[in-house]
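Each of the next two complexes has subunit A plus one more chain, namely subunit B in the first and subunit C in the second.
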Partner chain A sequence: MIALTQTLILGVLAGAVYALMASGLTLIFGVMRVINIAHGAFAVLAAFLTYSLWSAFGLDPLLAIPFIMVVMFGIGWVVYQGAVRHSRGSHVSMTVLVTFGIALVLEGVMGIIWGNRSASIRTDYTDASVEVGPFFFPQVQLLAAAIAVVVLIALYFLLNKTWLGRAIRAASVNESGALLVGVSVAAVAALTFAIGIATLGAGGAMLGAIQPIVPGTHYQWIARLLAIIVLGGLGSLPGAVIGAMIIGVTEMLATTYVGSAWPVAVPFLIIFIVLIVRPQGIMGARLREDLVS
Partner chain B sequence: MSDAAAKSVQDERRSRLIRNGVLAVLALIVVLFPLIGDASMENTMILALIFAIGASGLNIITGYTGYLSLSQGAFLGIGAYVAAILGRSMPDISPFVWMPVAGLTAALLAMLLGLVTYRSRGASFVIITIAFLFLVQFVATQWVPVTNGTAGITFPLPTWSNAVWGNWPFHLVLVGLLALSILVSWWVRRTKFGTGLIAIREDEGKAGSVGINAPIYKLLAFGLSALFVGMAGTVYGYYLSFVDPIGMFSILNSVVIVLAIILGGRGTLLGPVLGAFILVPVDAFANNYLGGGNIRLLVFGGLLVLLVVLLPKGIIPTVQLLLEKRRTKGTVGLTGSITALADRPLPPPREKLAPVGDTMLLQVTGLEKSFGALKAVDGCTFGVPEGSITALIGPNGSGKTTVFNLISGLMTPDAGEIVLDGERIEGLAPWGRAHRGIGRTFQMTRLFREMTVLENVVAPLRDFQFRQLGLGAVSGSEAEKAEEFLEFVGMQAYRDARAGSLSYGQQKLVELAQILVLDPKLIMLDEPAGGINPTLIERMGGLIRELNDQGKTFLLVEHNMPFVLGLCNPVRVLARGQVIAEGSPAEIQKDPLVLDAYLGDDYMLENRSGDGAAAKGEGR
Partner chain C sequence: MAATRATRIAALTAGLSLLVGVSACATDSGGTTDDPIVIGASLPLTGEFSQGGLDTQQGYEVWVEMTNETGGILGRDVEIVIRDDATNQNTVVTNYNNLISVDDVDLLLGSQSSLLNIPASSVAERNEMVFVCPSCGSPDMFNRGFEFIFFSQQAVATDQARVFAEWIAALPEDQRPKTAAYPSLDDPFAGPVVDGAEAILSAAGIETVYKDIYPATTKNFDSIVAAIAASGAEMVVQGAQFEDGVNFVRSMNRAGYEPDILYQSSSPTYGQQYFDGVGEDNTQGVFFSSSYNSVASTPGNAEFVAKYEEMFGGIPPEDAADGFAAGEVLKAAAEAVGGIDDQRALADWIRANEVQTILGTLSWNENGSPKGDFLVGQWQDGSAQIVLPAEAATSETIFRWRGAAFE
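== the complex of A and B ==
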């Protein structure tokens, strides 16, 4: 029982970081119907940037987060304007190809800069943990989960309490309608993409402190993040949080009780099954358009 | 024939001759390539052939049918693995014996993947194909007793002497497979099967409503798309003499294949082959001279982005478009020019709308449909008498289009019965209902935009048989009949125009001709007079009357009241998802319930605010 609870604790802690990383993916899909396959690669990129800051200047990964977020915001904005923007309006599967192409380019760039081997960030609290009764909470993960919650709450306020948030939501519901009432949809889309990549950056920075980073692992990351948002319902922020918790816990359970090879397959299986059995996921509403077409 | 026309025919013949000559020379070079090239060039050629076979196959589902798949590389790997597993246990048998087995295995698995298109399309389908590829790789890694896991399998030596024959056996078999693959692709394109696939690409819902059994079409297309690449996988495996999960199921293989069809031109016969013959040498160059690995990722990732952004149509269609532009420079297109709609006189408006008998061709009982919390159709009950022109009217959002969608099968009802000619049809798929005699048009016309008008009109199918798949797309008798219907609606002058280039009103007429091919018992028109000019409205009314005189029964949704009242009897009035009144036009005009429903919300705002929920969500 203690072992099970411990597994659940670790799963929820991992889930919090996953939720933060998936929030950008679901936000980008919700607003512009673009499935950003490069999301995993951006996460690994943020982790590598954090790694470089740490190894060159000794900057603590958690303190690097604001800086990384700003840099990732800029990168997201540039990539959106340079590539993603041009594929909008063509068939959805074309946007998938473009973002997939971006993922490959990022993987290649990271391979050239940091090499195709694993890098780890070791801080003085890397191996420390907080013990409460019979349970232990790894300190890194505890801090990361706390930061994830803070950033998610900030994102929630941004979307629900600011003009920009209203504009983003308006653009996601009805693009031409938003255009007509004076929302510059093009600018909103670019900002949304950049914000999505910036929140991901926060998650990626913590990722570097939690586990070793390798360029080629972006496939696993995008699989995991896609599984999360597909499970929660594409475009739904609360859905992404719920999906992240489920995936985090399931992975921990699979590692502990089934075998360490299985977590690799879990996300792909979830994607496969959910998209076939319940394409709208947990929180996604089934729209009238979906039924007709 | 004028001089100019004769000259253009001559020009066309000459350019076709040049094209065929060039193709023949290229084909000869490919066949005899091992005589020309050195070992490294030969290696590139073999890979190019393999990827060309893969691309040509993928073109059937991506180019023709419109499903983009990143799992084509998986079927290459599956073919190689099947050969490896069989070859390992029976090393003395010729590798080419395993080829059909590998091809069929790949085809069956592809059909399994095709099953998911029943539920998912567009972006979710692409994601599923990526997941499929990784799951296949996972199985190859974990199923150690059969696949030998990450260690991979080494192939037995081929049964022929490598010193004597070199790569010739591999090369020639691949050339044969590619030729076969192109031939099949060419054949598919000109059969009913191919037209059906293109109809599915253009508009899958519409394809169903004109009688195309999409699931069977798609399953066959998926099977066909993987058959040859699975066979090529056998050769690939024996050529490399080793398979392992990382190399065989690398997603880059799938990327190269997808890139090939985008570069060459989706949906064209030779575009995918051309694409593969350009990309594989680029890949070889990146591998040999630029250091491979990360550079390869940069090259292919960059190409993917650039191609989709800069050349989304691909080389062949872009060149064709340029040539076409040059050829037709200075000539005037048919669309937009004034042509007489038809000289045929229309039947005069009737003095009195004849009452019709009591036999109901269509009977709808207790139909219900909800979208989330919104009950769009709520216990709808009405009949359409045989031989009548029945109207279904009601305020915006009263559920008319949803009722249409429920009857034609685009949506399934939550409850209720639909009986056509004594048979319950609410459980049938759209094409099943089309085969039983329901033809419908759409409020916003839904023609297959990239097809010509004539192709649109011959696309509908009145039944489904396997042998029909192989028939020519536009056969003589069918074309004749289709032209008859086009003439009937006055659109024969536009038979070769692209459907998407027609005006909205013209599209409505073509859509009517299109469903007439189904020879429907019940013709359902969604706003036939909406958004078109008065002359055309009159013409539409005349056509409906004429068809009705010939014995066709109609069900119309329409907002144009003079049109409805002068044409239809009986009239059913829908409000809040229920039929609130029925009767002759005269009765309906006087019915207080109807007045209430139409004047509704504004009129009652003062005393019953908040009860106007029915006006939500205009039906599409």
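== the complex of A and C ==
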């Protein structure tokens, strides 16, 4: 029972980090129908920026998060205007190609700037744990989970309590209708992409503190993040959180009770089962096109 | 009219033959005189194994530089063409095909890691070109009946931890661990290292309480470490590449798990990168197997260390030294045979002879696997020392992980 509880604790903490990173991906898809294959590369970029601030100025990753989010917002906006914007309205496969190209460019740029070698951030809390009875809670993941909660709540308020949020939701539900009521969908799309990358910046900053970073590892992240948002329902923020928790917990349970080789396979098995029962994902809405097909 | 056409065809054929002949003569003439010898290699300069790939590239470049400074090979300068395979098994095959058929290289050097060298060596074998690889210790490299493949380190993976395991097995009973855990990366090199150690340790009565293989995508080791801690293992032997080794140590700290003995196969050999990743306190007492010792008095090592420092700064990492040694093997074979055209003669010479390298004296079995033993290293007070065998040791003290010395 202790082992099971410990495994669940580790799974929930891992899921919180996944949720923080996946929230921007689902937001971007929800508004723009863009599958951002570069999302993992943006996360690694944020981790490298955090590493530079830490190694050059000794800035703690936690304190660096606001700055990283601002910088990533700017990078997201520029990348959207320079590349992604041109694929909007195209078939979704075109957005996959464009963002895959962006991922390759980002990987190359990171390789030039930081080299294709591992970089590690080490602070007082990266290797420490909080012990409660027989259980341990890794501090860095506790902090990441806390940041995930703050960022996701902020995102929820942004989407539900602000004019921009209403515009984003309007654009995601009915682009033509949003245009008719005066929403500048093009500007909203750019802002949404930038906000999605900014929230990812917080996750990337913590990623750098959790593990060593190498430019080429972004493929592994995008595979996991796409699985999460498909499971939760493409475009659904609560779905991304639920999907992240399910993936995080099942990865840990599979490792402990099935075998270390299974944490990739078991979550995907669950995704297959869920998608057979609910093709739109746990929280996803069925679209008119789905019903027609 | 027909005769005229035949004449024209004959004239054209003769002309073409002459042209081909002249250009062939030109090539032959250039190829046997002053043209540089072009060596081709593919390395994982990006992707999962870029850490080792970049180190190996540096080793190759130092070898080219030093070889040219001392007259080249057979009086000809050496050039090296290195392609990036991005740690991709398909790309590495494409790269070696292109190196042979497009770049028309004269000689080949291997890629980095067994994962990449297993498919890459098939290309070399098919083209009957000698393939000296600096990092290809998997037994799967040498069970295919290939004749042109040679591993330029001291031992294959199954023997890599042998000296370490035999030392543990020979410890007095009150100091010897009773239980061991064997987590390993799913990799053709890392897995056999662990299997080889387990065979020796199990035979010595050390009970295996955990053994599992994790995929390369594993980033979070918290649950694996929690399971190992729950097993009560007093010793951990991990088959690790780089990042997984660092993440494993971090997870051990988070779980408060501190076995007496920690052995990791490759991760600790990455020098400063490993040191930065796990922190100095956590390096203390970590065992690893090593092909190379930067302060060894092997032939040419002092010059290699000095040239590496001049070109790249710092102490050469193990993979750089391994890359350099692969070049030394190739050069020794070419100079002994007296040419580079007869690749079978080069392979036969390597199989039948010993080569003095900065790693020590290397020799090979019929299948191209090496005959020697690895050194056993241990991180002590922030630097990597050789602790076994005794005659090669740079430190006489051997520590437990973050603990006291063995008596």
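Here is the rule we go by: the second predicted complex is superposed on the first by the 269 of 293 C-alpha atoms of A that agree within 3 Å, B and C clash if a C-alpha of one lies under 4 Å from a C-alpha of the other, contacts with A are read in each partner's own complex, and residues count from 1 in each chain.
The definition used in the following text is that a residue touches a chain if its C-beta (ideal position, glycine included) is under 8 Å from a C-beta of that chain, and two chains touch if they have at least 3 such contacts.
Please read these numbers as outputs of a predicted model, since none were measured by experiment.
J.: In the overlaid three-chain picture, which partner chain does A:Y156 touch, first (subunit B) or second (subunit C), both, or neither?
T.: After superposition on chain A, A:Y156 lies in contact with neither partner.
J.: Using the superposition on chain A described above, determine whether A:S129 touches subunit B (first), subunit C (second), both, or neither.
T.: second
J.: Under the stated touch criterion, which partner chain does A:A261 make contact with: subunit B (first), subunit C (second), both, or neither?
T.: After superposing on A, A:A261 lies in contact with both subunit B and subunit C.
J.: Looking at the overlay, does A:S120 come into contact with subunit B only (first), subunit C only (second), both, or neither?
T.: second
J.: For A:F67, decide between first (touching subunit B), second (touching subunit C), both and neither.
T.: Once the two structures are laid over each other on A, A:F67 reaches no partner at all.
J.: For A:L97 in the superposed arrangement: first (subunit B), second (subunit C), both or neither?
T.: In the superposition, A:L97 touches subunit B alone.
J.: For A:I276, is the partner it touches subunit B (first), subunit C (second), both, or none of the two (neither)?
T.: first
J.: Based on the superposed arrangement, let me know which partner A:G111 touches: subunit B (first), subunit C (second), both, or neither?
T.: Touch status of A:G111: both partners.
J.: Subunit A residues touched by both subunit B and subunit C?
T.: Residues 107, 111, 116, 223, 261, 264, which sit in both footprints.
J.: Using the touch definition from the top, list the residues of subunit A that touch subunit C in their complex.
T.: Contacts found on subunit A: 3, 6-7, 10-11, 14, 107, 111, 115-120, 122, 126-129, 131, 136, 138-141, 210-212, 214-217, 220, 223, 251-252, 255-256, 259-261, 263-264.
J.: Which of the residues in subunit A end up touching subunit B in this complex?
T.: 33, 35, 37, 83, 86-87, 90-98, 100-109, 111-112, 116, 219, 223, 226, 230, 261, 264-265, 268-269, 271-272, 275-277, 279, 285-289, 291-293
J.: Hey, which residues of subunit C end up touching subunit A in the complex?
T.: 45-48, 50-51, 53-54, 86-87, 183, 186, 212-215, 217-220, 222-224, 226-227, 230, 242-243, 246-247, 250, 253-256, 270, 273, 276-277, 279, 282
J.: Can you tell me which positions in subunit B touch subunit A when the two form their complex?
T.: Those in contact with subunit A are residues 68, 70, 116, 119-128, 130-132, 134-135, 138, 141-142, 204-205, 251, 255, 258, 262, 293-298, 300-305, 308-309, 312, 371-372, 405, 410-411, 617, 620.
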